[in-house]
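What follows is subunit A paired twice: with subunit B in the first complex and subunit C in the second.
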Partner chain A sequence: MEKIKDIIKLIHSLVPENRRIRIMNVCGSHEHTIAFSGMRSLMPNNLEIIPGPGCPVCVCPESDIINAINLSRKDDVILVTYGDMLRVPTQKGSIRAEGKNFRMITSPFEAMNIAKSNPDKKTVFFSIGFETTTAPTAAILEMGIPENLFILSSHRLTPTIMEILVKDAEIGIDGFIAPGHVSAIVGSNAWNVFSEKYGIPTVVAGFEAENLLFGIMEILQQLKNGNVQTGNVYKGVVRPEGNVQAQKIMAKFFEAADVNWRGIGHIPGSGLELRAKYADKDARKVFRLEEIKEAKIPGCICGTIILGKAYPSACKLFKKACTPKTPKGPCMVSMEGACNIWYKA
Partner chain B sequence: MCVGVPMQLVEINYPTGIAEAKGVTREIGLQLLPQDAVKIGDHIIVHVGFAIEKIDKKLADEIWETLDEILRVMDEEEKSARSLNSPRDD
Partner chain C sequence: MKKIEIGHGSGGRLTRELIERLFLKYLRSEELKPLEDAAYINLRDQNIAITTDSYVVRPLFFPGGNIGKLAICGTVNDLLVSGAMPGYLAIGFILEEGFPLDSLEDILKSIKETAQYAGVSIVTGDTKVVEKYKCDGVYINTTGVGEVIKPLPVSNVSPGDAVIITGTVGDHGMAVALSRDEFDIKAAVESDCAALNELLMPIMEIDGLKWMRDPTRGGVATALADLSESTGFGIEIFEDKVPVREDVRFISDMLGYDPLYLANEGKAILIASRESADRIVAILKKHPLGHNAEVIGNISAKFRKVKLRTKIGGERLLDMLEEDMLPRIC
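Showing the complex of A and B:
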């Protein structure tokens, strides 16, 4: 505890009095620790720790969810996906409310097992998330999946969205706390672009409060002394080059694609789709899925929150019409969503 | 879904294995780590059933301290989600 007090004291000494500093985290688990530890209340008034796009469920396009609902309504299809995805609201309802044949899984292994146990059905794995979930999906493809298992990929690339945010002057990011386990896959070197091209310190941190405070402290030290570079206070897990084997397997099966982010819009090269070589496993192609126009959720500012332009408390639905039991927008559904975390903290 | 769980390898049948954490064992994928890089007794970070990196025991214990709180919340969410496969309530 004394150590934490010392770090907080140092953080106060490093923040300049004459300007506002905005540090963004891009990981739901980081936001969870920050919110539940009460860390923000211990920071200087002019230091903001803002939650960014750390919730893959929140940015999953409405179109993909509606397609998943429709697939689950086919008699010969079993739709499988991670639990959070079942409750995400769309203009056509949620998978839970409107779907027919669907199952929750906690690992791509379970998708394989369900397909094997149901050889007379087509199992569609609605696979979403950033690099930490992309790699396991690529891994089952490498291991060899059953012929009746198909992938509906809604994977997103963390470094790409972070670069979009850096270019947005309205957000005004001074530093990034890079996600610990995404970094384990992509490597801390993946963040070098932010220091080298944009002069923004980026520090990889773990998930305990003390480690996160170290990360914040290092960002502030870099801003003060001008020696901006990629930092890493989670070295026990994250290597500069990352998990090279995972990167190779991901690259074998997936390629970058121009995709939508819910509430944000179209971002070139920010998603991952199966390569054409694996079209026979690609649910988009096998089932000829079409893009469905996204509907705006009245009053919901989830997209603005994901971009770091507003806090959940700025939403007029927050804690009123929108709660974890009655989520109006995706940021309230997932335990990695900023609204869900702020509601419970 | 992006929460990484430290576990300890108790059996290896590459590209899969059995790992244990807090008395619970489960089959995990080892495909994301080189075969010659893993051995029984190793501590690993597991994401959605796949080991993504090796770690030391001290770090595994530290991560568990934080995870205990996160998983308490996650358990509540999963219990809610698990009921989704049974008759709907909304």
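Showing the complex of A and C:
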């Protein structure tokens, strides 16, 4: 506790009085710790900690979810995906409400088992998420998946979206707290671009409040002394090079693709699709899925929140029409969504 | 057309609104008005506390208890926290056509054991059966009366008082949530469902004891938010003082629950004068149900609402439960 008090004191002393500093986190678990520890109440008034695109469920395009609903309605298909995905609202409803044959899984290995025990059906794994969930999907592909298992890849790349945000002057990011789990895969070196090209301190942090405070402190120190570089206060878990083996198999099966982000739009090279070599495993190709135009959710500002341009409390629907039980926008659905976290904290 | 929503049964904000806007519109009385766990009435100069509660928990059997045990403990505890010695219970059953008699017998065995432990007699009852699918197995209502030992109106509460919790929070909510098999998690969390006579009777005599509440639906946070609203005082709670089982905390983190909002069925929040607080905690700690009792905060006139002082010294507002993530918890 004394140590924490000292860090907070130091943070106060490092923030210059005459300017506003905005530090973004890009991880739902970081935002959870920040909100539930009341961390913002301890920060200087001119230091903002903004939740960024830390929720893969929130950015998953509506088109993919509607395609998943439609697949689950086919008699010979079992759609499997992570729990939160079942509840995400679309213009056609959610998978849970409108889908037919679907199952919740907690790991890609369950998708393998479901496919194996239902040989007369086609199992489609709607695989979403950032690098943390891409790695295990690549792992089952490397192991060899059953013939009747197909991948609907809606994976997204964290460094790419962060670079988009950095270039957006309206957000004005002064520093990044880099996501702990993603960094374990991609390595802290993956963030070097931010210090080298944009002069923005980026520090990898873990999930305890104290560790996050350390991360914030380091960002502020770098800003003050001008010695900007990638930092890492989560060294026990994150190595500079990351998990090389995981990176290898991810690169073997997936390649970067131009994709949509829900509420944000088209971002070149920011997603992952299966390489052409594995087209027979790619649900998009096997089932000839088509792009469906995204419908705006009236009143919902999830896209703006994900980009760090507004806090959840700025949304007119927040805590009124939109609650975790009756989510109108994707950020209220997932436990990693900023709206869901702010609702509970 | 406005309709009843599941949240109207949460024990939180929506329940309060429903009661204030609709029920009190037609049923207002001096005795009902305080909206406490039990009402004080006077029968031939005898001070009596009376309370009623319905039980719709799903599943009917959960680790640490079942709907029968719950129906006795809940009503007995409502009398106890109102400063009354539980005496007699009336019990009503709504049974679904097709419900196995063996299961009903198991429930009744629990009812018998729990009533004996709590020293209450079940003196009248009622049974109704509805068609299959018109209810979910069994619903139970219990009404209890007891002799008032020490009236504990909310007006007793004053700034400077200490907030005490008699043990770990969130056990019941977590046990029932996990027993629903909606999550693929195996853990040995048991409901804390218990009648609190032995724990609470010894402290009734202590002068500094001012008010009690059993934090069931909506948990400790909602009970305190309710207290803050009815007294107009602020309440400060220290996160590092609140006892939470290690496994309950871990799974809560994983599922995104806050133990402070999870239901308890064998705990009480006590408000007591600062001077008496340590003595009360020492007495509570002597009983197995009170081993983890702690002073967790205090009442203040300097602010309103309930503030949680987090482990790192941050501040977070604890509001009434807006929406129940776990309906039918009791």
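Methods note: the second predicted complex is superposed on the first by the 345 of 345 C-alpha atoms of A that agree within 3 Å, B and C clash if a C-alpha of one lies under 4 Å from a C-alpha of the other, contacts with A are read in each partner's own complex, and residues count from 1 in each chain.
Rule of thumb we're sticking to: contacts are C-beta pairs under 8 Å (C-beta built on N, C-alpha and C of every residue); 3 or more make two chains touch, one makes a residue touch a chain.
Predicted model only: the values in this text are computed from it and were never measured.
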**Message:** On the A-aligned overlay, A:Gly129 touches which partner chain: subunit B = first, subunit C = second, or both, or neither?
**Reply:** first
**Request:** For A:Thr323, select first, second, both or neither according to whether it touches subunit B, subunit C, the two together, or no partner.
**Result:** second
**Prompt:** After lining up the shared chain so the two structures overlap, which partner does A:Ser153 touch, if you call subunit B first and subunit C second: first, second, both or neither?
**Reply:** neither
**Prompt:** Residues of subunit A touched: more by subunit B or subunit C?
**Reply:** B
**Message:** With both complexes superposed on chain A, which partner does A:Lys344 reach: first (subunit B), second (subunit C), both or neither?
**Reply:** both
**Which superposed partner A:Ile4 touches (first subunit B, second subunit C, both, neither)** = second
**Asked** If you stack the two complexes on chain A, which partner ends up touching A:Thr106: first (subunit B), second (subunit C), both, or neither?
**Response** both
**Message:** Taking the superposition on A as described, I'd like to know which of subunit B and subunit C A:Met335 touches: first, second, both or neither.
**Reply:** both
**Message:** Let me test your reading of the model: by the given contact rule, A:Phe36 touches which partner, first (subunit B), second (subunit C), both or neither?
**Reply:** both
**Request:** Look at A:Asn70 in the shared chain and tell me whether it touches subunit B only, subunit C only, both, or neither; answer first, second, both or neither.
**Result:** neither
**Asked** Once the complexes are superposed, what residues of subunit A are shared between the subunit B interface and the subunit C interface?
**Response** 32, 36, 106, 209, 335, 344
**Item:** subunit A-touching residues of subunit C, taken from the complex the two chains share
**Value:** 6-7, 184, 255-256, 258, 308, 310-316, 322-323, 325
**Complete:** Listed in rising order, subunit A residues that touch subunit B in their complex are 27-29, 32-33, 36, 54, 56-57, 82-84, 86-87, 96-97, 102-104, 106-110, 129-130, 132-133, 135-136, 139-140, 142-143, 179-182, 184-185, 206-209, 236-238, 243, 245-246, 249, 335-336, 344
**Prompt:** Can you list the residues on subunit B that touch subunit A in the complex?
**Reply:** 1-4, 15, 27, 29, 31-34, 45, 47-50, 52-53, 55-56, 58-59, 62-63, 65-67, 69-70, 73-74, 77-78, 81-82, 84-85, 88, 90
**Complete:** Within their complex, subunit A touches subunit C through residues 1, 4-5, 8, 32, 35-42, 106, 209-210, 213, 319, 323-325, 335, 340-341, 343-345
